[in-house]
Structures are given as structure tokens and as C-alpha cells.
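Next, two complexes with chain A in common: one pairs it with chain B, the other with chain C.
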Partner chain A sequence: MSTTFLPCGVYHENYKQDHAWWQTKFIKSKMFLLFITLFFIIPWMSDSYSLSICNQIGYTILGALGVQLLIGFCGQVTLGHAAFLAVGAYVSTLLVLEFPWPAVFIELGLAYPISIFIAAITAGLWSVLFGLPSARVKGFYLILTTMAAQFITVDFIITQYVSQIGGRGQAFSLPLGTIKVGPWAWGVIDSDIKIYYMMIVLTIICVVGVVNLLRSRVGRAWVAIRDNDISAEVMGIDIIKYKLLAFFVAGFIGGIAGAVWISNLAAISPEHFPWFWSLWLVGVILIGGVGSIHGTIFGSIFMVVVMELLQMAVMPLADTYPKLLMDFLFIKEAAFGLAICAFLIFEPNGLAYRWWQAKNYFNLWPFSY
Partner chain B sequence: MNVSKDIKPGEVLLELEEIQMFFGKVCALNGVSTKIKKGEIHSVIGPNGAGKTVMMNCISGLYHPQKGNIYYKGEKINGLKPHNRAKLGIARTFQKVEVFGGMTVLDNIRLGRHIHYNSGIISGSLYMGKTGKEEIEHRKFIEEEIIDLLEIEHIRHKPVGMLPYGLQKRVELGRAIALEPELLLLDEPLAGLNLEEVEDMARFILDVNQEERWKVTCILVEHDMGVVMDLSDNVFVLNFGNMIVDGTPEEVQGNPEVVRAYLGEEDLYATRR
Partner chain C sequence: MELFLMTLTTGIMVGGIYALVALGWVLIYKCSGALNLAMGELTLIGAYVSLSFYSMGVPFLLALLISLVIGFILGILTERIFLDRLIGEPVLTVIMVTVGLSFFFKGIVELIWSTDTKAFQPPVFPLEPFRFGNIVVGQVYLWSFIAAIILLVIFVCFFKYTRWGLAMQATADDEMAALSIGISARFVYAAAWAIAFMAAGVGGTLLGNINGLNISVGYLGLLVLPAVVLGGLNSVPGAIVGGIAIGIMQNFCGAYLDQYFPGGVKEIAPFAFMAIFLLFKPHGLWGWERIERV
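Up next is the complex of A and B:
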């Protein structure tokens, strides 16, 4: 699936060209257009509402990226990823709210960026802790051990103990101005557009990092473990080390996602990270395409946008059928289930495969044989 | 463990000493001993269920025998995990092809060179400097030494899972020699291939064994007697976990016990039932 066709007349003369990200001028200009769209056109065209949807997409991409890495590339099925998002979010919040930062750090607006990094590391290590069973168990059994991560972390540790820190009660409120990046006045993250820029930069960094990993030594080892762990071991891969590394990176990205997401929230509570959200992220990669970075992105866009459209479709009916409004959460869940069923039956390779087909159709047109 | 001694051709590279392997009460290997000299092709033959693959798995570290020792270059490697044995230079192929179906041919072979790459998680995610240079270096090696040798230029970007069986076997061989091993375990490399593919594969095995560039010692498990007798320097015959004979192809062919093992003997068979 990964093979793409080069247009006629494009030849590589050295391996460096063959290893390049964007191999033709056409692709380069396409990516430049995408860059312009992401950084200028979308923020310029959109209102606050559509930007908040974009932020939600970014958050879903960051969350699903870790799940994709574990399930799609390393073959370690995980159903507790929201726990690591929660760890990231809570570590970052606690650092921002409770840590006695020296005044210089606050003034320079370093507290939040540093807290993102520490949150990511913590979530990574926390993820490794729950990845340890993967040394012994595979498949269904691993699903259960990762589910344990969800229940132990969110339902037990965070709800029972972490939420008590500072005596605030269940939710930690994040007053405006606590989330600040850089020494400038506009560094205070208080509007959707600022969150959007932060989100997009971090999403691009994470996606690029993961794609680079996947085409270098570590990523190949992960894919090898997914495809055939016995022969991977015989080829010199320390499979336990690489599985734990995959858990670390997935948790790391999850931590970033959680830590960034708090900038979008007025208050953070354990209800933001339910088990359903872990399942949702798995659904995102199933719909987008397992084992594809494109799939993660398409799946995230699809899920978020479809749910928003559903909401738009349901809301006008709410006047006549008020019960619909009450039941919207359940309608959303039903639509989620339906979408997954439909994709598994009609397009098990996900949206990414359709994208690949479409791209090839145009690349090969008019002689597609 | 650090085994980096240079072994000259003709000296013992791998020694099995009284290997005993049980699965429950089934004795898969019963006190098997042999010496594999550097530079030779040492075949292991025997009827189905004789313990040939178990022997391969013991050498590559997937199984740990209950009794007996394995020496590689004079060092005991009993407790070593498979990935550490790979680092010592022991590569293998499998009877049922165990390629990485979702990866391209090129990536499969690159993966075989895993132990020669250095980039870690940070340099890998940046893909700058060291990692990029390293990838190009190894790509050059793979293209010039392996893909060229095995004649798989036309499929290098294809996912291996979509290739026919014969080519998958070839890719698996490529992946194994990409490790630049000193000892190559070939577990039925010819099983299920057609005549032309058998001839190709036999040629590749000879190339890898004899070309100055490679000079890889091979342990070959095979059922195709014609190929075994033609290629091997030594043949090791197993039957129900017992070693029958270990000698040159001529000795083996003339041995009445070997003939009996292959054609079957009523008494022995009766005790097993």
C-alpha cells in the first residue's frame, strides 16, 4: 500500500533523492499549498467555532497518533490511551498551578512549555509501566491489561487522589492567564486562534517525528514486531525493549496531547478522559486506516466533522422532538458504532486506502494498467 | 558476551554438545552432538519429526535445551536470547516463510541489517545528519550486495505479503544475509519451490557460501536429497531425536541405518506407536 508511482520522466540518480520526503516538484508545491492553508487561510477564513473544531481535530490527531503507533505499527492493541492523555493533562495542570516556579519563569512564560515537556515524559513513563505486560502477553490479553491502565489511572488515582491536591475539589479550574507561552503579552493563550497555532505546530512536529521514526531503525523494528515477532527477535531485535519504546513514544505523544488540551479548557476534571475516549481513538484509526499516518489524520477529521454535522442535523429537530437534545450523547455513540461497523464491512483498509486509490487513479490516468 | 574471535576456515565455528530437548515427555533431541566447521555447508536431514527444526531453534535461541551445551567460536551461548545471538552473527530463515508481510522488500532487507544501524529514537525522529547518512550507506550496501545477488530488483518496493511464495523465500534469504552473518541456518529453503526456483535458490546458497565477499557457513535442513548431496560438505542424519550418522555425503548414502530410517523399519516404528 505504501508504494506510490512516480510520474514519467522522474528518475532518481542517488539514494538521497529516493529517500526524500517529497520527491517531485508537484508534491512539493502541493505541500506548500497545504502549509499556506493550514497557517494562513484557515485561521483567516474561520470563525471561532470552526477554529475550535480544528483544535478538536488536532487533539484527536495527537491522541490517535499514539494509538496508531501502538496498534497500527507495533501491533500492541491498547484500549486505555485516554489514561495517558489524562496523565499529561494533569501533570501539566499541576505544574502550572501548584509548582513554585521562580518569578523569572512565569515572566518569560516558560512554565507552561516546560510543563508540556515534563507532562509528556511522565505520560511516556506511565505508559511504559502499563506496557510492561506486553513483554508476556499479546492480543486480547494485552487489551485487558491496557484497559487496566484506564481504570487504575483515571478512575482510581486521578479521581481519588490527584484531584484532592490543593483542596479544589473534583475539577481544577484554569484561570485565564495561567497558560502563557513566551514573555510577550500575546503569549497568553486565551483565544481559539492561539490554541490553533499551538496545536498545529505541535501536531506537525509529532506527525513528522513519528513518520521519521517509521522510516528509520526504530520504526522498522516496530513494524517487524507487528508483522512477525518471532522472526523479528531472530533478526536481532530486542522485542521487549522496542515494545516498551513504542509504549513510551505513544504515551509521550499522548502526554503532549493532554497537556495542550488543557489550554482549551476552563477547568479539567477526570470526566474529560473517560474510557469511551480510549475506545473512540481506536475507532478513529479503524476508520482512518490501521497502519497509516494518513489514516490517523483522515480518521480524526472524519470523526470530528461527522459528529459536528450530526449535531447540526439534530439541533433543528430539537424544537419538535425535545428528547433528541437530551439523547444526543447516545445518538453520537450510536453513530460512532455504526460508522465503525460500516467501515469494517465496506472499507476495512480505511479512508487512507481510498485516498491512496484516488491518488493513484489520477497518477496513472489515462492508462491505469 | 563478546565473541569477536576470528575463526579460520576449517576450524570449529559451532559445537553442539549432548543436546537434550524434551517437550513434556516427548524427547525431541536426545544427546545430539556435532561440530560445524567454518566455511562448510553442513546439512541436517531426517524424516519428518526427527527434530531438525528443533535443532535449528536451539541454535538460534528460540528453544533452550534442558541439557547440553552450545559453543559458538568456543564460547558457551546457552543462555543467550535470540536477539543477542543474532548480534554474534547467527542468522536464520524459517521453514514456513516468516517475512514481514506488511513491509516492502527493501524494508525487510533493511530490517535484516538492524544490528548494523545505530540511530536511536531521537536522531531517528529528526532524521537528520547521522540517521540520513546511515540510511544511505546501508541502502547502497543492500542494493549492491544483496538485491543484486538475489536478482530481486524488480520487486524492491513491493510489499512482501503480496509476492509469490518463491520470491518470499528469496527475500527471506536476503533478509538473513543482510545481517552479514557468519553462520546461516537455512530451514528448508527449497520447500515448496518449483524446479527453476530450486535451482536459483541452490545457486544463491552456493554463492553465499563460496563467494569471497560472503564466505558464510551454512547449516541446511532439507528434504531434497539431490540438492543436499550436491551442496553439502557434511551431512548430519537425525531420526527421532537421535543422531544416526555425521559424515560426508558418500558415507551417509552408504549407511544402512540411514536407508532404514528413511524407508522405515517395522520394529522401530512399532515401538514409537
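Up next is the complex of A and C:
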């Protein structure tokens, strides 16, 4: 993480101040404003369409957070993260639909929250299983293993076996009102705004959790492994343990992402978790900035919003060229590919680096030397 | 027994095509150190180009030749525009640029040729199968295998006996030494990408002849990854052996294991095998094991 300079005239007198989350009053008020914006202004101002975009951003942040943790902080490149999202989503769906919950649990609306938790744990363990080769291999070989995770999990196990459970064929349908949180009547998740609140709370918990983890001994060990795993081992870090822990946490967050996302889907099928989505998540962190939590958030917002804008730009043309509407998916793919290449070639530090530059410019103004 | 032999021959023949594509992959890695995940899309481009020319009435061999030329040009362009700027960057950057390229190419291919399955019409190879005693093999497979082997031999001869090929070998062996005796590394990188495009294009065309051509042929291009892992990332003979081995394994899984699973074993087996193989022998059969120092 790059250091941020404090504004002129701010000093720390003890370590407690030095380690504080928000170090100045200005930052505290900024965070308060952010809180107000997220919880009140956005839901109040936006219609269903923009809320659904916000939900998509939240889902992307949750998914990309695990990828960021693995690639950006532990140096373990993964190209199969959608598999763990899929595991989370399917475990949660199966628990909600198929598990014989006692009536009390359903009445109290505990089934879904419990299923999220179990889904997250399962996804984490599944991720550890495919992280095991990281004990022996690294770099490109690990990429291949995680790719194998994607194909084995989504294209084989989920498509061929899990989808057959209950004889539904390919997709599990989740009719409105299946998912219920809490004992209250308004706890039934049936509108974008409720999904939005659930998403925002979980995203904040996960982001804060990961940032705190990175400030601890575990996070420092991960960064040491990323920078040079051999030196890290010489320093006395149990690299296998910490690598597997990174895989577990990444899978855990991925599982939460998948389990939350099912509330937004009317039906869940393997097509929701293609290999494209794994690569998309890696693209998000590359564009946002590798090794930065800010980068994950900026990257998610940037990618989702840019793709929506691209769609809006294409839509008016669709009247004259109806083929364009059909081809939009392909344009999106090509644009995404080109964007990754362009960012890696021209802005390898990502959006987070620009943000850091701007912030420091204002913090140090007017004596920046 | 007949089933066994037939599966084996088909496997070897499809494996020949994989070997050709894997050769292109290994070449890029050996010469420039770039780990290329866009191989599947390279096969698609070559295949669609030759298909378009073939359906315009150009004879098949000429269409193949045109796709080779276009592949050569595209390969050099790709290297110059994207990869040339990344020399000396971390491995992940280069890999992700190739991932970006794969999306870019895939999007373009889908835009131009759409996603429907297209077949070579009229069929290039006669439809009636070939018989050796009890073994029946489709002519498509046989001719594809022969074409792949001819091209493999041409490429290997190119490396052994021509000036360019020797320059590429030298760069792969020791870049510094090659530079000091006046070999242009940039030229070698461009040539490696051009040859990879050409090999992948021919591979794609042959695969397209077997089952018709659609986007999933690009997935077959991904199968080179298990092949090169098996053979060792920087070994040309390894790529050939790996390609054929993966072809055989895939067909055996299709023939014998499909009855025990609901389906999809054939597609997954190479990747599952790769994941397990990496645990035990990550450097492949003939790859170099690099000793790391801090």
C-alpha cells in the first residue's frame, strides 16, 4: 500500500494515533459524508435501474476483493475465481431450496443468512483445495491450476451433477419471496432497494475486514510472500500456511459474493459463472490498480459504469442497425480486452495510482516539496 | 480391442493437430518468455480466414496459404503493437495482455463471423472412411494428421537449418549472448509470434474441418496448455509428445469414461490431468527446472 502523506501541520504524538483508521477530522467527516451518501442519498435519489447498477458494482467489488487479495497482496495469480463464486451461489441456493429447515428458522428468516455463511465456508474450503498446488508451484503453473479449477468446478461438477439435483434440469429458479432475512415482513428480499442495502452492508463488512486483516501480522506475511517468497520463508514465515489462508479468505469472500448475488437473480444456472467472469474480475483489479483496496472499488465502478455507458451509446443506434443490439456482447468483449491491454501498457499502476497522486497533491498543497 | 485401436488412432491424429498448435505456443515462450493465453483465439482467426476464402471458391490449399500469409502479418502486427512495449515487464503483465488480446480477438471474430457453426462446404476431404483391416478412420482425421506432421517437419527443419531459425534458437538459449553476436531480439520476437499465428491458423483450419467451425474451436486451442505442461514449457519435442498424448487421453476418456459420467468428461479430462500432474512434476517431462536464488 502506498503511503499517503498527512496534510501540513498534522502531527502524531503516540502510536495509537499513528495506527488510527481515520487520522484527521477532515477524513472523519469525509467518511461520514460517504456513509450518508451510500445509505440515504443513493437509495433516495436513484430509480430501480441505477440501483441495479449499484448492485452490480457491489457484486463486482465483492468478487474482485478476493482476487485482489490473492493477486495484489499474496502474489498468487488466479484465473478461476468465478468457480468459487459459483460454489457460494450454488451452496446457498441449494440450502435455501432443498434443505428441510425447521419452521422456526423460516419464520425467523434465518435460513438465508445461515446459508450465506455455510456457502462462504464451503467456497473457502473449495478454494483451498485448488490452492494446494501453490505449495509446490507458482507463477504460470498456478495460473493453469486455477484455470483447471474453473473448468472442473463450473463446466463439469456444477453443470453435470449439481444442476441435476431435484430434477430441475439446467437452472434453479428462485421465485420472488424465497429469500427472507429476519422475522419482519419487510425482510423478504423482493426489490432492488432491499438488495442494495444487503449488498452495501456486506460489502462494507468485507472491505473493512480485509483492510484490517492486511494491517495485521497475516497481511504483512502475505505482502512478504508477494514480494519475494523465498526471502519470506527465510524470515520464518510459514509460506504454505499463509498461502492457503489467502486462498481460504479469497474463496470465503467469493462465496459471500455468489450467495448474495442469488438474491438478484430469478434463476441461477452455470452460465452465470463463465470463465469470462473470472477474467473479468482480474481485469477489474488490473484497471483499478493491483495491490490496492481502493483500486478494487475504483476498478469495479469504472468497469460497470463504462460498460453501461457503452450500452447506452449503442442503444440509440440499434433502431437503424438492429444487428448492433445482437452484437453488443461481442463489442463489449472486444472493448474489455482492449481496455486491459491499454491499461497495462499505458497505466500499469491503475486508477488507484491517479487517486493517490491527486490526494497527495491536495494534502501537501501549497508546499509540496 | 477394435474400439481400443480406433480410439488410439483417432487420438494420435487429433493429437497431431494439438502438437502443431502447441509448437507455436512453445516457440513464443522459448523466444520471448511470454506465456500466451490467446492461443485459442489465434486458432479461430486462422480457421475463419481460410473458411471465408474457401467458401468464396478458392481452392483449399490456396485458402490455407492465404490464411498463413494473413496470420504472418497479424502476428507481426500484434507483437509490434502490444507485446513489444512489454519487454522486461513482470510475467503477470504479459500474461494479462495476452488475456486482453484473446478477448479482443474473440470479440472481433464474433462480430465478423457471428457465432453459428459453419462447415467447409463442399467438404474438403472425402467423406467415406479409410480402412486398415478392422480399424476405420475418417479421412478428415488422416489427412489432417498428415498435414500437421508435414508442417511440424517444416517448422523443425526451419529451426535447424535456416539462418532465421538458428537466430531464434540462439535467442531462446541465451538472449544476452545472441544480442552480442548481432541477432536482433525484436526481430526474433516478431518472427516467433508470426510463426505461432501461422501454426495456430493451420491447426484451427484442420480442427474446423473435423466438426465444423464455431467459437468452441477456440476452446480446443486452450488444450495446448495441458499439452505444453506435460511436455515442459520450453521443449519443442515435449510440445509434440504432449500434444499427441493429450489427444490420445482425450479420446480414451471420451470412449471409456463417458458411460460412468453424465457427460463432459472429454472436455475436462485434460485440465483435471494437468492440475494433478502439476502437483507432482511441475516442470513437465523435458522442461528446464530453474533454480531460484534470492
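Keep in mind that, in the parts below, the second predicted complex is superposed on the first by the 368 of 369 C-alpha atoms of A that agree within 3 Å, B and C clash if a C-alpha of one lies under 4 Å from a C-alpha of the other, contacts with A are read in each partner's own complex, and residues count from 1 in each chain.
Keep this in mind: a residue touches a chain if its C-beta (ideal position, glycine included) is under 8 Å from a C-beta of that chain, and two chains touch if they have at least 3 such contacts.
Keep in mind that this is a model prediction, so the values were computed, not measured.
Novice: Is this a clash or a fit when chain B and chain C both end up on chain A?
Specialist: Once both complexes are aligned on chain A, chain B and chain C fit side by side.
Novice: After superposition on the shared chain, which partner residues are touched by A:Gly337: those of chain B (first), chain C (second), both, or neither?
Specialist: In the superposed model, A:Gly337 contacts chain C only, not chain B.
Novice: Once the structures are superposed on A, label A:Phe156 by its partner contacts, choosing first (chain B), second (chain C), both or neither.
Specialist: Touch status of A:Phe156: second partner only.
Novice: Looking at the overlay, does A:Val234 come into contact with chain B only (first), chain C only (second), both, or neither?
Specialist: A:Val234 contacts both chain B and chain C.
Novice: Taking C-alpha centres, what angle do chain B and chain C open up at chain A, rounded to the nearest 10 degrees?
Specialist: 80
Novice: Once the structures are superposed on A, label A:Leu325 by its partner contacts, choosing first (chain B), second (chain C), both or neither.
Specialist: Neither partner.
Novice: State whether A:Tyr15 touches chain B only (first), chain C only (second), both chains, or neither.
Specialist: It touches chain B, and chain C stays clear.
Novice: Figure out whether A:Gln164 sits in contact with chain B (first) or chain C (second), or with both, or with neither.
Specialist: In the superposition, A:Gln164 contacts chain C only.
Novice: Go through the superposed model and pick first if A:Leu33 touches only chain B, second if only chain C, both, or neither.
Specialist: Neither chain B nor chain C is touched by A:Leu33.
Novice: Kindly classify A:Gly283 by the partners it touches after superposition: chain B alone (first), chain C alone (second), both, or neither?
Specialist: In the superposition, A:Gly283 touches chain C alone.
Novice: In whole Å, what is the nearest CA distance you get between chain B and chain C after the fit?
Specialist: Chain B and chain C, overlaid via chain A, are at closest 6 Å apart by C-alpha.
Novice: Which residues form the common part of the chain A surface touched by chain B and by chain C?
Specialist: Residues common to the chain A contacts of chain C and of chain B are 228, 230-231, 234, listed in rising order.
Novice: Residues of chain A touching chain C in their complex?
Specialist: Within the complex, chain A touches chain C at residues 71, 77, 79, 130, 132-133, 136-137, 139-141, 143-145, 147-149, 151-152, 155-156, 159-161, 164, 228, 230-231, 234, 276, 279, 282-283, 286, 290, 327, 329-341, 344-345, 348.
Novice: Which of the residues in chain A end up touching chain B in this complex?
Specialist: Touch list, chain A to chain B: 1-3, 14-16, 18-19, 208-210, 212-213, 215-221, 223-224, 226-228, 230-239, 245, 249, 291.
Novice: Mind listing the chain C positions that touch chain A in their complex?
Specialist: 35, 82, 85-86, 89, 91-93, 95-97, 99-108, 110-111, 225-226, 229, 233, 261-265, 267-268, 271-272, 274-275, 278-279, 282, 292-294
Novice: Contact residues on chain B for chain A in the complex?
Specialist: 60-62, 81-83, 86-87, 91-92, 94, 98-104, 107, 110-112, 114-115, 117-121, 123-127, 131-132, 135-136, 139-140, 143, 157-159, 175, 179
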